[in-house]
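Structures incoming, each one as structure tokens.
Each of the next two complexes has subunit A plus one other chain: subunit B in the first, subunit C in the second.
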Partner chain A sequence: MIEIITTIKQVPDTSKIRVDKESGTLIRKGVPAVLNPYCEWAVEAAVSLKEQTPSTITALTMGPPSAEDILIRAMALGADNGILLTDRKFAGSDCRATAYILAQAIKFSAPNADIIITGEEAIDGDTAQVPAELSVFLDMPFIPYVITLESADDGAVTLIHERENRRERIRVKTPFVCSITTGFRTRRLLPLTETIRALSTPITRLSATEIACDEKMIGLKGSPTRVIKIENVVTTRGGKTFHWENRNERKAVIESLV
Partner chain B sequence: MTVSNDIDTAYGVMIYVEKGEQITLELFTEGRRLAEQLSQPLSALFVGKNPPLKDAQLYGVDSLHHIPATDEEERDYSETSKSVARVLQRLSPSIFLMGATKKGRVLAPLVAARLLAGITADCTEFSLDEKNNLIQIRPALGGNIMAHIVSTETRPQCATVRPGTFKAVFAGKPTKTEIIIEKEHITMSETVTKIDEIEKSTSENDTQIELSRVVVAIGAGIKSEAEIGEIRKFATEIGAEIASSRELVEKGLMPHGRQVGQSGKTIAPDLYIAIGISGAIQHLVGMRDSEFIIAINSDKDAPIHKESDISIVGVWQEVLSELLPIIKERLSK
Partner chain C sequence: MNRELFKQKCVGIPSTEQSETIALYAKDESRYPAGDVEMVLFPQTAEDVSTIMKASLLAEMPITTGAARTGISGASVPQSGTIMSLEKVTFPPAAHLDGDTLYITASPSISLAEIDRILATPSLCHDGESEPLKKLHAQKNGWIYPVDPTEMSASLGGSVATNASGARSLKYGATREWIRGLTVVLPNGEIVTLKRGECKAKNLTLTLNTKSGKPATIPLPAYTMPQTKNAAGIYAKPDMDAVDLFIGSEGILATIVSLDINIIPRITSFSALLFTLDDETAISLVPIMKKMFETRLEFLEFADENAVDLIRRTSENDTKVQQLGTPFKDAGALLFFDIKIDEMQSKETAETLNKINILLNNSDTNPSHCLIGWSDENRELIRYMRHLVPERVNEAVAINKRSYPELHKVGTDFAVPDSDFGELYNYSRALLIESDIPFVVFGHIGQSHLHFNMLPQTPEQMKIAKECYYRMAQKSVSLGGTISAEHGVGKIKRDYLEILYKKEGVEMMRKTKKSLDPHFLLNRGTMFREK
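Showing the complex of A and B:
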């Protein structure tokens, strides 16, 4: 039996964020919170490995109580359990603090985990730093840019990953941390029965104390990086718009290009 | 794990060298600017064989630190990061910069975590505050905002930089760069065994859209392989490379190597033609430095219209067939 942990994140759907034309500020209202697509692929990768080799999959996330939604989604996709790390002390954690907290949770609840599967990055931060940092805190090797996990046997996993300009199939001894890169995958529609099963699976909640976090390493105070200023991005180019249907405008645009 | 360096003794700017990559020269240039402003030295760290001394001399690097390694050793990110972290702890630079390349985006956070240091990904601009802390500026939230970030309590201040952000410029006159061989070696771990290589990436995926002067980019308004085929024909006719926004990559219709935007490439061609791209800011950050932008979108409210020099509200098939000869003619001049 292989023990798989997938670390996942709830994110705002950044493609739905718009800028208020009057004030130039971001309109976050009504922007849905979703399971980060890379994390969804991470869960899918875990599930596909489970189809090859008997495994248990635990989805692990840090966030507010509402982040349970993505654990339910992960379980509907095929994860067996869900763990929510939720604590006010976690608020304001940067990449290093987040990686540390996830590592503490894994050491506490799955000390014998074989594979930690992460998504390459989250679409709200786009840093791709947490998976690598997590591997350091767990003292495990890190395999980035994984496309598929093919099979597992004898304490090793065969997988395909990307190098700078090619793909390789490699065998990696467990335990290790890997990150799943963009693949050619489409989001699956889930059968209702799976969602119902997920909804009736209890979710474990853990606090900072329960996973024995050093308070100097977590939250805003435990984060080495600090955001000191946020600027809205203003679009500036503002060229001319022509309506193709309108003959005069069509003529004008063609003339302007000739 | 080692420990972060002391703030008071950390000194100098260090660049991680990826040999043969333009980003290294860009980082030398920006690193030199910061080092001069701090009145501190600029150094470089290279892992591998044959350190690029000439580049270091031409771009004003004071010392080039070399960790000898074979290609195989250097390819093991986790093990390499251990050696690099040890060297950084010994040399104690105040600032450590790497390219946000495929390798850099992995190696940099591995190194930073080993030093318990703060790190900022994909920076597009740097400045210094009154206490000489590095202000690291990067897009966030899908490029909707620019965040200014500092690490005041840990050293080195680690950051990765997007290729193409800074221009590589020679130093005034060649520097007498000192080469220092570091007593380090990379222990090959026995964790990974290579089995075989799969399909060399096809030219489709491999292409360097960032080198093309003319780029035709497509987005969610393009619905099928057949439509992509039509646009590819148009692109070939005008001698352009074809690029994509995130949606088509997620649908599997376009390869990631051609994705432009926050999680793809940043490009600045002479002419960028955006077809069926709505212009979410996450895409705009990857192309808005283009010299001239033409957008074609049937949705008159699409944000892309505001980020273009000429924008056309219309059905792309009709527009392209009429514009093809005009653009072709124009580009041939």
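Showing the complex of A and C:
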């Protein structure tokens, strides 16, 4: 039995969001929250592996109590359990603090996890740092930009991941962390029976103390990132035409450019 | 008809006399044949429409109106004269408050899809701090104009002219109930602005105040309309509101140039696609579900075994259909429904789903063959499936046409009171099986309103199909139903209007029409003939 953890995130529906022109931040007020699409693909990746090899899938998220919604969605998609990390002390956590909290939760509730599957990034922050940082805190190898988890046997998984100009099929020994990139599968409709199961499965709630977090590592205090300023950077490209009459002038022009 | 005079009076209004362009505008989705057309005019304002109407009267030029041309009854296909395309009568939709009630003023040319897009995320579309906009932005999930005809590329004006309805009419009624006011241009060019509640009929007569101050007096038909959902004939009730006269009258009494529509906050619901063993099982679930969920049932639609078979045969390469997997492969018939919930993750939702589960177990239907969706993407897939049936029917007709070009689909649009649904359904099915006509059935079963689509393969079958249609129409009317519940009469079904309203009823409609348009210049030939 393979033990899979998928870390997922609730994000504002960015198709319905606007940017505050002055502060440069997202106006989140009044915008519905959804399961981050990359995270949905991460769950789908876990479910498709489970269809071939006996596995258990636990969906794990950190957020306010309302984030239970996305755990239910993940369970309806095929995850077996849901864990919500919710605590005021988590507020203000940056990428590193978030990765630390997720790692603590995994160490606490799934010390023998085989595969940690994350989305490539969250569509509200776009940093794509948490998956790699999580692997550091868990001391596991990290494989980014995975497009398919093909099969699992003898303590290893065969997967395909994207490199800059090619795709690689590799075999990775468990445990490891991987992040799923776009277009894993189309979003499926869920059988009534699965939906009922998801809605009736209790969600485990865990606090900072329960997963033994070092308070210096979490929340605002534990976040080394400081956002100084957000700017809307507009890049403009223009052409410039040079003229020359003779070789010397041409040489001068080229030298001025170099 | 005085062409030169007409053109002279319409100078300044964009137009074309190019035959290729005219050909594009002289048709709608019905493929009904057009007559000879002089030109196409593109008015931009209510005043332009008024100028055209006055010129039409002076020069005796017949005018046929159209906008998105998505109708399937030939109403915007001209028999002669000039086409007035309303596609350029545009202005941005605006939010208004009447007391606490929020409503939208929109142009006739805006598409239903565009209205839906704007209402879904109003904050993306309108900046501003006015009171109506604040109220509009305050709804987290946006708003809806709940009339939901299948054809979302239809224009708002066209959907009002035909009193369109759709899947959601089960809960929200047809277009009529969502229109609070209209500005129309009468055939004599007078502009009239109507607000619901301000002008009512007395003794079957309506008197409208026009902009020029000269009132228009209109005698109304005295017939009783069917009690089912209905899109056939001029709306008439003894104390009716003037607004209602122009809704569903298919453009023959006036041209709509501006509309006030009611909206409601977007609701949370889940959508379901239920594959049943056979037609009988699906149909037997309908009354139980209606009783069980009452007003929480947003809509309830049906596709029969023949329709499911047709999709299966034609969708081998359709990945969207194929991802439905085993439930679809094994399916007999199909039910589509939406149920309103407060939020997905609630006791209420769990109870609702459990109820469905028990219901399906008790009716020999595999609950895992009921697929649930609540994300926008899921809903889109279900919507796609629902629209696939009429689409694949049209493709099948096109194939039959290759052998015999004169063939076309013969489709019913009958609705009867719920208590008589079974009788019309069984009668129609038996008649078509006995007559050996290929057919599929789909539609709004929650409102006892199904479309029997006959797909004749030979000219002989075509003739028989038309006879069957006539007999089914008579049966529907004899049960207190209508001959057209949502598509309108247009030119295709005008000969059947007498089955419903008798000769006298149609004569009364002519009288109403003549009081506004004595020479039958506006949309001539739509709904009924001149004589």
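Worth pointing out:
Just so it is clear, the second predicted complex is superposed on the first by the 213 of 258 C-alpha atoms of A that agree within 3 Å, B and C clash if a C-alpha of one lies under 4 Å from a C-alpha of the other, contacts with A are read in each partner's own complex, and residues count from 1 in each chain.
Here, contacts are C-beta pairs under 8 Å (C-beta built on N, C-alpha and C of every residue); 3 or more make two chains touch, one makes a residue touch a chain.
Fair warning: this is a prediction, and the values are worked out from it, not measured in the lab.
Between subunit B and subunit C, B contacts the larger number of subunit A residues. In the superposed pair of complexes, A:R18 makes contact with subunit B and with subunit C alike. After overlaying the two complexes on the shared chain, residue contacts for A:A99 are found with subunit B alone; subunit C is out of touch.
Contacts of A:D126 after superposition: subunit B is touched, whereas subunit C is not reached. By the touch criterion defined above, A:L199 reaches subunit C but does not reach subunit B. Within the superposed three-chain model, A:K221 lies out of touch with both subunit B and subunit C [touch as defined at top]. Shared-chain residue A:I72: touches subunit C; no touch with subunit B. When both complexes are overlaid on chain A, the residue A:S256 reaches subunit B alone and has no touch with subunit C.
In the superposition on chain A, contact of A:V34 is made with subunit C only, not with subunit B.
In the superposition on chain A, A:R167 makes contact with subunit B only, not with subunit C.
Subunit A residues in contact with subunit B (one complex) as well as with subunit C (other complex) are 15, 18, 186.
Residue ranges of subunit C in contact with subunit A, taken from their complex: 120-121, 123-124, 137-138, 140-141, 272-273, 319-320, 323-324, 327, 343-345, 349-350, 353-354, 356-357, 360, 367-373, 375, 377-378, 381-382. The touching residues of subunit A, when paired with subunit B in their complex, are 12, 14-15, 17-19, 26, 37, 94-96, 99, 121, 123-130, 132-133, 135-137, 141-145, 158, 160, 162-173, 176, 181-182, 184-186, 223-233, 235, 237-245, 250, 253-254, 256-258. Residue ranges on subunit A touching subunit C, taken from their complex, read 15-16, 18, 30-32, 34, 68-69, 72-73, 76, 186-196, 199-200. For subunit B in complex with subunit A, the touching residues are 1, 4, 75, 77-78, 81, 102-103, 105-106, 108-110, 112-114, 116-122, 135, 139-154, 189-201, 206, 246-247, 249-252, 256, 259, 262-263, 280-282, 284-285, 288, 293, 300, 303, 305-315, 318-319, 322-323, 326-327, 329-330.
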